[in-house]
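What follows is a set of structures to go through.
In the two complexes that follow, chain A is the common piece, with chain B as its partner first and chain C second.
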Partner chain A sequence: MVGTSLCKWTISYFAAAIAWLLLAEGLMVAGFGFPNHDIGDPDTLVIVHMVSIGWLSTVLCGALFQFVPVLVARPLYAERWTLPALALLTLGLVVLLAGFLTLGGHLDGPRWLLPGGGGLLIAGFALVVANLGMTLWSARPLPAPARFVAGGLACLCVTAAFGGLFSLVLSGTATGAQWPDLLVSGVSIHALAGLGGWLTFTAMGVSYRLLAMFMLAHDGDARLGRLALRAGIAAIAVGLVGGALALWRMTGLNLALLLAGAAALLSFAAYGRDVLGLYRTRKRRVLELNTRMSLVGLASLVAAAILSVAFVATGSFSSHVGALVFLVAFGWLTGLVLANLYKIVPFLTWLETYGPVMGRVPTPRVQDLVAERRALKWFVVFFAGSWAATLMLLIEAPLGFRAAVAAMMLATLGLSEKFTRARRLADVAEPMRLPTGAAMPHLLVSRN
Partner chain B sequence: MTAFIDVDVRPILRAGGEPFSIIMAALERLEPGEGLRLYAPFKPVPLFDVMASKGFAYREAELEGGEWEIRFLPYDGSVEAAEPASAASSNGDWPEPVVHLDNRELDPPEPMVRILAALEQLAPGQTLFALLGREPVFLFRELERRGHQWRGGFTPQKDGYQLTVRVPA
Partner chain C sequence: MTIDNEDLVGQIRQALKVVIDPELGHNIVDLGFVYDVQVDDGAAHITMTATTRGCPAASFLKEGVASSACLVPGVDSVDVTMTFEPPWAPSMISPGVRSSLGFAEVN
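Let's turn to the complex of A and B:
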């Protein structure tokens, strides 16, 4: 029964992540990378890593530093490691991207850029995993949502390990030359562990608690999430062990991925059933915008799962994998994250500003820090844009894709302005905005 | 005087055993108004929250050799009846709560706001009791800043959280 305090740098993680998202969207609008270039082209890799590391991993790490202590009711193991981790991740990504740009002929950089960036990123992620891992370790036995996070962290380690090996191969170093075939079959493991294991699995676990909290649904049942967790772990284990075996034997990769995919589908189905159950037993009738938009994001995951099955059945999976990855990264993960930031940022700001004076003077509610009606249109534009962009990829219309991403970028800018307004308390009515004893929060750092 | 059932967990712990179930079993056997006297080789701090959530206050006394005698007393008023003012300096006998809040149906962070607002109305030394839907992790930080003491724990059915807060005297 130890309290939780505000993580000072969570807001900084969010800000850095949004900057990467905007940059990636801008590059896609400009026609950089896929689908104008091949899916494995260095230019595409620039965008992919900007989105997966710069945006999604950074925002998730920032959120976990705040959320894991809430989940397990223990303080974060080492708050002082969070800022160095952000610095390592950001610097590592910049160096890695410079490496990809060199590989693509845009820059005349040295060969060590890729392994150098990879090394910095591994160091940054190691700090994150150690910090969150020690926090989880102190709270055993873990509640179900925290087990998802633990599984996600394990996948992050696998993703980073493969990424580090690739950087050695791609940079043409002597060490990397020992595994010339690693890229051929290792890429799918790297991508699945990252997108499926780390990002999706962790987001699922976190959303169990967040959805239950914001829908006022009871999530105390120990069985809740059990099937989704077990099937998900089976999917990850089959994918990784099978994938590694296939890599070694140079055959059977497709079988391993198919089995892992089936287990993943079962996990998603169980997760969908659980969320539906929480929705049905909720005590809060009218849902807030963040919850409604999280459910829209979930619909993208369902759509991606159905499309995957359909493409596998018709034998056209490999030609549509780009569109599917886009739908998972933006329709599902980015949509879910933006929806939850719309609650988390105002909540943290509210706690920081009004916590010290609460009960002593009238204070606004958390919902007074936001104007849902004005934010709704940006969410609509964002989700419509992400689905339109996926469609444009499926029908191979690059110009249409760029237009749709432009709409998403506009929506991201609109929502960023809303987050900034929440930090600035811009939507709080005047008499209650800054009562005596309350201090205006900083935009990018929390007082704790 | 309160009647006590004695439970000595020292031999169990020395033998490497697990005393929690034995304490809980002894608790089941208590008659209304009866207390539990526990002998332990260390101060069983985690147990205090568990017992508080079951409606027991405690008094502690250190024995020789670092061992402890803990007396758990039911919260039903027999605490005061058994030993009036004499034990007031011990932190085991909080007065009956003057405010009861049921915050289970409230949207977070409304439970926290209500508790902090209600605490501002209490006189020094008075206590407040609240039922919550989940553990109020962000509230503890604010209670600590304001110098309040608290005891809390999940309900036996795990479907809620019980919290008692005392305003500093």
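Let's turn to the complex of A and C:
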């Protein structure tokens, strides 16, 4: 096959995700949830799920619908499933959040809100996993980056299954009452499978290919990514299987998590070495803003790994876990995603607008759809804000944390305006902006 | 190949320069994407590549090549073959464009 087609709803996933990110940042600025409330408080759970499902999972699903077909050079199994999945995920999250707000005493809602929202979310993720899974299945044997995605999808299933069980326990229904201890000991597996397995492992795999493509580095070596993949799968297997066994036998959970953590560290170290290798062997000397900012995001992952080891060694891990999760979710994952959106949004917009008229009229470059110098300041503010916010959590300064998140929110708004300008072709010089035959793209949905 | 055909091949290569790689921002002829152009009794056969197999841009590049070659007087039909053997490498870029793109020297 020559090339895959555009996924019509990827841009819609991105827009919905950014709306959730802004809402979550706004709530944190207002002092809702952690650190003003306990890390397991329902208010904190509102923010955690807004960020992990609304923002990170939605944006990643949208990107994977476009990117998995590129990774395996096969068309997406069912484009028609992508919009129902977005609707289920969005509706499910709204209902789930209403459940948490009820649990926190902000709403007077029925008990079925949590399991109802959980059920809708599981249905939405099932559509996503089935669609991407069938696409990957058709392309066996998989290249290394696609294996990371397959591992990430498996972890998404585990995360969703645990989440569904928790929603039953928290709702106080008779079914949930059968597992009274699940919540206490299962949360760490739910969080690690989601943040570590689904979000981080998938982002690592996708970034192998994206970094190699954008830096024009050679990634054809079959050994590239092998150690990171194997160590990562070992971390996931030990964490999930060991964790489940420990839950069943009611002992040994800490040992399983420690072993999983050690394997995860090895995976991150191998990944860091691979990215450094790609950087050194790149053919493109001058890197674009998206690649440079992706590398800054990677620095946050390295910092989080080093801090984790330091806190485990000093026995203070559990008191700093909130700050570490924040650094992983924002400094690493959100930073990496925003950096890549800064390339993906103009690229998809270019394909949609200028692809059909190519060969008939002169067309601009993808780079002509963006103004990197104006966007740079927002990336600087975002990363500085995420690191400052992590520091404020570590030194227990809630007001400082809110001020730092306000800076991150401002930067998110600034970058959202840049994505909108790219969709509107606002930075393209006039003679080439809309040549004969080209149509202005819609803001929130692509023509394909 | 006759002299007329050589002229026509040159004209087709010139016409293909309207097609750019959106990511690298240069025309596909100078980037070395066009592996071969042959003309046989008004029928053009073009063999080309792209940087990434499976990329959505690849099909637009192929269509763009067909559209631009069709506009050359004397070309009655165009047949474009997309191949990834040999894979494209930055060493295929013409030297002037390579330095303007900020590429490392390729051995």
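Here is the rule we use: the second predicted complex is superposed on the first by the 447 of 448 C-alpha atoms of A that agree within 3 Å, B and C clash if a C-alpha of one lies under 4 Å from a C-alpha of the other, contacts with A are read in each partner's own complex, and residues count from 1 in each chain.
Everything that follows uses one rule, which is that a residue touches a chain if its C-beta (ideal position, glycine included) is under 8 Å from a C-beta of that chain, and two chains touch if they have at least 3 such contacts.
Since the model is a prediction, treat every value here as computed from it, not as a measurement.
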Exercise for review: Could you check whether chain B and chain C clash or fit when both are placed on chain A?
Suggested key: clash
Exercise for review: In the overlay, answer first, second, both or neither for which of chain B and chain C A:T363 touches.
Suggested key: both
Check your understanding: Just chain B (first), just chain C (second), both, or neither: which does A:R282 touch?
Key -> second
Practice item. Would you check which partner chain A:W20 touches, where first means chain B only, second means chain C only, and both and neither mean what they say? Key: neither
Practice item. Identify the partner contact of A:A73: answer first if only chain B is touched, second if only chain C is, both if each is, neither if none is. Key: both
Exercise for review: Give one of first, second, both or neither to describe whether A:F268 is in contact with chain B, with chain C, with both, or with none.
Suggested key: neither
Practice item. Figure out whether A:F382 sits in contact with chain B (first) or chain C (second), or with both, or with neither. Key: neither
**Study point:** Touch count on chain A, higher of chain B and chain C
**Key:** C
Revision key, fill the gap. Footprint intersection on chain A (chain B / chain C) at 1-5, 69-70, 73, 213, 216, 220, 283-284, 347, 350-351, 355-356, 358-360, 363, 365-366
Review point. What does chain B use to touch chain A in their complex?
Key: 49, 105, 107-110, 112-113, 115-120, 133-135, 137-145, 152-153, 158-159
Review point. For chain A, which residues are in contact with chain C within the complex?
Key: 1-6, 66, 69-74, 213, 216, 220, 282-286, 347, 350-351, 354-356, 358-363, 365-368
Review point. Across the complex, what residues on chain C touch chain A?
Key: 18-20, 22-25, 50-69, 71, 82, 87, 90, 101-104, 106
Exercise for review: Enumerate the contact residues on chain A facing chain B in the complex.
Suggested key: 1-5, 69-70, 73, 213-214, 216, 218, 220, 283-284, 347, 350-351, 355-356, 358-360, 363, 365-366
